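Pasting the structures in now, so scroll down.
Both complexes shown next keep subunit A, but they swap its partner, so subunit B is in the first and subunit C is in the second.
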Partner chain A sequence: MKAIHTLLLILLILLIPTPGWPATTEDWVLIANPKAGIGRLTQDEVTNIFLGRYRRLASGVTAEPLDQPADSALRARFYRQLVDKSLAEINAYWARLVFSGKTRPPGVASSSEDAMQRVSLHPETLAYIEKSRVDARVVVVFEIVE
Partner chain B sequence: MAIRRIVPWSSGIVFRSLAAVALITLLLGGISSIFIRDQITARGHEEALQRLSELLDTVESTASVATFANDEQLASEVAQGLLRNSEVQRVIISAGNTELARAERSPQPDTTQPSNAPPVQRSLLSPFKKGDVIGSIRLEANWDAISSRVVANSRQAILTLLGQLLLVIGGTAGMVFLVVVRPIKATSDRLHRLDPTNAGALEIPEGHAGTEIGRLVSDINGLTGRLVNTLNQERELRRQQEIGQRKYQDLFDHASSGIFVTDTEGCLASFNRAFVELTRLVHVATEQPRKLTEPGWDDHTQLLDLLRRSADQQISCEDDFLLCGRQGDERWLHVAIMPLGDGSMQGTVTDVTARKREEILARRLVITDSLTGFANREGLIQHYAMLNSVSDLPFTTVMIDLDGFKQINDAKGFPVGDMVLMEVSRRIRRATHPSDFLSRIGGDEFVLIFNGISERGAAATRIEALHANLCEPYELNHESVSMGASIGIAFFPQDGANMSQLLRSAELALNSVRESSRSASLPGYRFFAPQLQAAVEHQRRLEDDLRHAVHNGELRLAFQPIIDLHTGGLAGAEVLLRWPHAVRGLISPEVFIPLAERVGLISEIGRQVLEEACRQVAEWRRDGLNMYVSVNVSVSQIPDELSPDAILDVLQRFSLPAEAIVIEITEGVLMGDIGAAQRWIEQLRAAGLRIYLDDFGTGYSSLSYLKRFPMDTVKIDKSFVIDMNADNSDHTLVNTIITMAGSLGLKVVAEGIEDANQLALLRKMGCGYGQGFFISHPVAAADFVATAARINATQANTASNS
Partner chain C sequence: MNTIQPRLIKTAQKTRKSLLLLGVAAALVQITPALADGSVESTPIPTPTPTESSVSLRGFGTLGIARSSSDQAEFVRDLSQPQGISNRWSGRIDSMLGVQANWQATPTLELVGQAVSRYHYDRSRDPELMWAFAKWEPDARLSLRAGRIGADFMMLADSRLVNYSFLTVRPSADFFGPLFFSHFDGADASLTLPLGNGLVRGKLFAGITHEKSSGIAGVWDTSGSALNGLVLDYQTGPWQLRASAASIRFSSDIDLAPLPDLLRSAGTSLGIPSAIAAADTLIVKNTTTRFYSIGAVYDDGPLQIQGMLNSIHHQTGVFHNSRAGYLLAGYRMGTVTPFIGVSWWKTHAKSSSTGLPDIAPFDAINQSFDSSMAVSVADQKTYTLGARWNVRQDMAIKLQWDAIRGTAASRFPFANIKPGWNGHTNVLSLSLDFVF
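Moving on to the complex of A and B:
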C-alpha cells in the first residue's frame, strides 16, 4: 500500500509543472457572495473550511466550500498552493472521513462558471475560480500572494 | 594385611559425584531461572510497551485526521479498533481540551497495574500544517493481559531450562559413571583386594589403556612392584643385619679382648665383660656413664692424650699402659683406639703383661754384662745417649784395660778368665761409689763413670787407689797371678761432648799408657790430652799418605849386597823398601811397615815388592850377575796374602829359576798358626826356594823352631854383629850361632858388618855370608850394577892379597 503511495507521489511530482513554466492554469482566487458578509479570510480559515474542520466562521456565518471538478487543473493547483498536497492525498483524506466519519467533502461545481453561479445564488458558498473570471457577482475573500 | 572396609553408598564416589553434579546443576539452574524470569518479565513489559507504541503508529494518521476534522465517529472507530488488542485497557482521543472519543474494557477486580507503568500518549499533528498540535491520543495498557503473557512465557522458559538441565544431569551423570567412576570403582575394589606380596597386579579396565586411569593403574602396578622389591630387600637386609648383629654381639660378649666404645672425653658408651675383667673395673650401681679413667691406670692422662690424638687426627692409635694393682699385681694393657667417624671411638684392650715383662727383661739383658752385672757397651751408650754438654753435670770417664789378661785367658782357659774378671769387678765395685756407673765394654775392658768429678786431683786420688787395688795379685785355685792395668781418663765435657767421643779420648789416653809402660815405670794411668789426639791425627794422615804412595807406586826398592865371605864376591842382595815422603823425607820401614800391616796395605806392598824385585833380578842376571834377591815377608802375609802359588807365578813370568829368589821370614811367623806357616814354607822349599830366618837372636830364638821348620839360612841380627869384639859375650854368641847353624846344616848370613875387623872375625868364625855398611849401603837399582862391579873388584884384590 505504502509503496504504491510513494510511487504515485513520485509520479505526481514528475507530472506537476514547475512554476517557471508558462502557466497553463491561471492563478485562482477564493470568492464569496458579497451579501454573505464575509470579509477577508486567512489561509488557515480557508484550509479549515475546505478540509471539513468547520463550516462556520467565527462571525457565525456558515461557509459551504465548493470544489472545482475532480480532474480540473485549478483544483490541483488550489490544494497544492493551499496545503501543499496533491489531489490524491486530498482524496485519500476524504476517503477516510467519508468511509467511517460524518464529515462531508465540499460540493463540486461542474465549472468555474457554475461555481460563480452557485456563489451568487447561495451566499454561504465559497469557491475558488480563475482570477480572471472574477466579476461583480462575487467578492474575493482570499488569494495566494506569491 | 589391609583391613577390608565396606564403603557405604552415601560416601561412595558414584553417589558423591552424581550428587555434586545434580546439586551444582540445580543450583545454577535455580539462579539462572530467577534471572531468566526477571529478564523475561522486564523484556515482556518492554515489548508490550513497544507493541503498544507500534500499535499507535498504525492509527496515528487516521487519528489525526479524525481530530483535525473533529470527527467523533472516526475517532471512536479508531479507539474501538485499538481496544480490540487485548493488551489495551483504555483509549482516549482528544482534540484540544475536548475528548473526541473514549474506549475502554471493563476493568478486572484484581488488577495489579504497576504504578510506575506510564500510559502511552502521543500528540496528534495537523495533517495540513506542520508542527500544529491539534490533539492527542492516550493509550493505557492492559497489564493483566501483559503480565499473564509474561508469566506464561517465563514459566515456559524455566520449564524448558529445567528439562534441559535434567537431561544434562542425566547425561553427565551417566557418562561420568560409565567413563570415570565405574573403572575407578572397579580398580579401587581390585586394589582393595590386592595382595602385592603375592605378586598380584591390577588389570587395566577395558578401553582405558590410553587414559589417565590406565596410566594410574600401570603406575600403581609399577609402584607395587618396586615396593615389593624394596620390601624384600629390606627384609633380607634386616635378616642379615640381625644375624650379623647377633654374631657381633657374641663376639663382643665373649671376646677375650676388652672392647669399649667411648666419646672423646672418655665417657664409656659400652664395654664388654673382658674389658671389666682386664681393667678390674669395679662395679658401681650408678646411672652415670662409666669413665675410661676409672680403672687404676698408672697415668690416665696419657690414655686421654691417646684418645684425643686419635679423635683429632682421625687415625688409629695404640700404646701400652700400666695398670696398677694391689700387692704389686701390675698389669700391662695394650689399648688400641680407632675413631668410628661419628665422634665416638672404639677401643680394644689386651693383656700384654707377659710380653712387656719379657721386653723389659730383654732390654735389661741387652744392656747388661751377664758376667759381672755391670752395664755392657750398649748399656753405657744408652745410659749416656742424651748427654748435653751445657746442662749436664761434669763427670769423669775412666777406661781400664787389664794387662796380661789375654795370656791368662789363653793359658788357663775361659773359666779362669771369667773368675779373674769377676774378681776384677768385685775390686772395682769396692773401690768405687754407689753413684758411679760401671760397665764392661769388651773382654777385659772396663769403663767407669765417676759422677761429679771433673778435676784431675780428685780423679787421680781415686784412680791411683783403684789401680793399686787391681794390681794386687789374684788368688786363683790356690795359685797367685799378677796382672797389671792400664787406665785412660777423659773428662766430660771438655774431652768429649758425647759418650763415643769420651770413649775415644779415654782409649787414646789408655793406648798411650800401654805404649809407654813398656819402656818406663810411669803411673799406670793417663789423662787425655789434646796432643794424643794430634798424634792420632798424625798417624791417620800418615796412613792416608801411605795408601796414596802405595797406589801411585811411590815406594822405592833399595838393594843391599850380600857377599860370600869366603870369596868376597857378590852372592845376592836383600831387598829393602824406601818411602821418600814428599814432606817428611825418607820414612823408615820400621815406621810404615807396621802401619801398612795395621791398615791392610801390606799384601799390596808385598806383591809390588816381589814383582819389582823379580823384574830387577831378572834384568841383572841377564846382564851376567849370578845373584839372588832376598825378599822380606811379614807375618800377616802368610799364608794367604802372598801364597806360594802367587810367588811361583811371578818367578815364572820373569823366567827366573827358583834359586834367584830367597824369602826372608821372622820368628813371628813361626809363633802364629804353626801348621799353616809350616805348610807355606814346605811348599816354597819344595819348589826350590830358599827360606831365610831373619833377625835371628832377638826373639825367642828357640832351637826347637829351627828343628821344626826346615830353613836354609839364618841371618844373625846386626845388634850382635855391631857389638862384636874379640872378648865379649856377643862374640861368643855369634860364634855359637854359627857353630850351631853349621851343625844343623844351615848357612849363616851376618848383618850389620861395619868394619874390616868384624868382617875378618866373621870370616874366621866360618860365617858364610855377610852384609853391612862396610861392604855396601843399600843402593838404588840404578846404582847396583856399579856397586856390584866395585865389590867384585875388591874381591879380586882381596883374593889376590890373601
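Moving on to the complex of A and C:
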C-alpha cells in the first residue's frame, strides 16, 4: 500500500500542464568547420551521426555531433524535422543506448555561440544553429528545405 | 511427498528494499564527486575538445505497481524473480534503480560501470554490478569491449531493465521471460559498415556468466557457464532487421536431489534402463542451450511497430524447448503514445517417462519426476493494451493491461502456483519511469 501512496503523490505533483512542442519558427542549419572539407551531407548521414549509428565521415574522421541545450526550442525543432521525434522519444532512444553501454550521445553546447566556437576550433565537430547566425567561421553542410 | 519445492522462502523484506534503493543511490553519488571534476555536459567554458577526458553520472529507475486477477499463480517479470505479484497491488516486479558512471579516458577509450538494485533471485534488492567494462573504439566502425558486459541475446535484451527506453511497462514476459542472464564477464567486438542505403552491423561476444537465478528448485548458481554468440543487424530508413544466435554451456546442475539418485538406484536394482535414462535427462551440467532470434522494427515518426521471434533449444531434459514471439505497435499522439500488442510462448514437451512401475514405492519417484518435468511447461498468449505518457523529457507514466490466456499446464512463466490454476490471469500495471 505504501508504494501506491508514494506513486499517487508523485502522479499528483506531475499533473501540472506540460507543453507539447516548444514553439520556434527559427530555421536551423547544420554547420561544420570550413577546413574539414565535409561537403554536403544527406539527411540519412546526419541522422546516423546524431543518433550515433555511424559517425565516420568520408574523410575517415569520426564526427562529433553537438546538441543545443536540453530545454532549447531549436533542439526540439531539429529532431522534429530530422526524424519526426519528440525530445522525450529521443531521450528514450538514448537511454537504451547509453544504459546498455553502447554509443555516446552528442555533446551539448551551452548556446549557439558556443556551438559556433567549438565548430570553428574542431574540424570533427558538427552542430545545428539558427540559420540567421551563420558567419564566415563555419560552413553549412546540411539544411532541411520545407 | 513431492521432493521438488519450487521457490521456497517467504520473507518479503519491504522496508529493507526501499532503504537499499536509497542507499545505492547515496553511495554512488558519494563516490563520484571525486571523479567528476567539473567536466560534465553542463559546464559551458572553456570550450573543451569534444572527446576530452570527461566523467558523467547518469541513472534510470522505475516506481511501478501491478496486480493480477488471479491468486492461483504469481506473475513475474522474468524467471530470475522468485516471487511475483498476484491479486493485490505490489511494487515488487517492476520497481528498480540503476546508476551508471561513464569515464571517457581518451578519445577512443571509455570506462563504464553500472549498478542496479532490483528484485532478484534471493528475494532482496541488493545492488548488483551489471556492467564494468572498458570500451575501445579505434575508429567509428569498430567497437571492442572487455569486462562485465550485457548479454545481447536478443534485440533489446541488454536494455530490458531501462523501462524508460521502451513503450511498454516491461518487455514482453513471454519473449524475454526465459532470459535470466543479464551480463557476463568477457568481451565483444562489433563492426558497422555502410551497405546499400543502410548500415550493417555484426557483433561477436564470448565470456563466462556468474549469475544466480531463482531456478526450479531454489537458487540456481550458474556461475562459470561459458557463453558465446553473434548478432547481425541491418538498418535502412525506418527499418531495422536483426538476427542473433547464442549458446550457453551450463557449469552446474539444478539441485533436484534426491530424485536422480533414486532413479538410478531403482533403475539399476530393477534392471530398467529407462529409469537411468530419465535420471540422465535431469542433468544440466555440461549441457548446451541455444537461443535463436529474428526481429524487425519499423520506426517512422509517430509510428513504431516491432515484431520478434525466438526459439530456445535445450540439450537437458529439465527445460523444454520453446518458441515465442511478439508483435507490438504504438502511435504517438502529442505526448501520449497508445500501444497494442500480442505475444506468445509455447514449449514443446520432451516425452520421457521413468519406465518404473506405478506402484509403491516407485509411484512417488514417478510423481516427483513428472512434476519436475511439468515445471518448465509454457503454453500461453498475452494480449496487451496500454499507453505511455511522456510527462517530461526525462519522465514517463505508463498504464498497461495484459490479458494472459494459457492452458492450465502453463506453469513456467509463473511463481508459486496453487492447485486450481487455469492459466488465465489479467495484469494491470502502472509505472513511473525516469532517467537522470
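Just so we're on the same page, the second predicted complex is superposed on the first by the 119 of 146 C-alpha atoms of A that agree within 3 Å, B and C clash if a C-alpha of one lies under 4 Å from a C-alpha of the other, contacts with A are read in each partner's own complex, and residues count from 1 in each chain.
Throughout what follows, a residue touches a chain if its C-beta (ideal position, glycine included) is under 8 Å from a C-beta of that chain, and two chains touch if they have at least 3 such contacts.
Every value quoted in this text rests on a predicted model; they were computed, and no experiment measured them.
> State whether A:K35 touches subunit B only (first), subunit C only (second), both chains, or neither.
neither
> Once the structures are superposed on A, label A:R53 by its partner contacts, choosing first (subunit B), second (subunit C), both or neither.
A:R53 contacts both subunit B and subunit C.
> After the superposition on A, what does A:K85 contact: first (subunit B), second (subunit C), both or neither?
After superposing on A, A:K85 lies in contact with both subunit B and subunit C.
> A:V108 contacts which: subunit B (first), subunit C (second), both, neither?
second
> In the superposed arrangement, which partner chain does A:L66 touch: subunit B (first), subunit C (second), both, or neither?
second
> On the superposed three-chain arrangement, identify whether subunit B or subunit C touches more subunit A residues.
C
> Touching A:R96, do we find subunit B (first), subunit C (second), both, or neither?
both
> After overlaying the two complexes on chain A, where does the subunit B footprint on subunit A coincide with the subunit C footprint?
Shared contact residues on subunit A (touching subunit B in one complex, subunit C in the other): 44, 53-54, 83, 85, 93, 96-97, 100-102.
> Please output the residues of subunit A touching subunit B within their complex, sorted ascending.
44, 47, 51-54, 83, 85, 93, 96-97, 100-103
> Which subunit B residues qualify as touching subunit A in the complex?
62, 65-66, 68-74, 77, 127-129
> Could you pull out which subunit A residues touch subunit C in their complex?
Answer in residue numbers: 1-4, 6-7, 10-11, 14, 18, 20, 44, 48, 53-56, 60, 62-64, 66, 70-71, 83-89, 91-93, 95-102, 104, 107-108, 110-111, 114, 117-118, 121-122, 124-125.
> Touching subunit A in the complex: which residues of subunit C?
14, 41-42, 44-45, 47, 49-51, 58, 60, 63-65, 89-91, 95, 98, 100, 102, 104, 110, 112, 114, 131, 133, 135, 137, 139-141, 143, 145, 149-150, 152, 156, 158-159, 161-162, 164-166, 192, 194, 197, 199, 235, 237, 300-302, 332, 334-335, 390-397, 430, 432, 435
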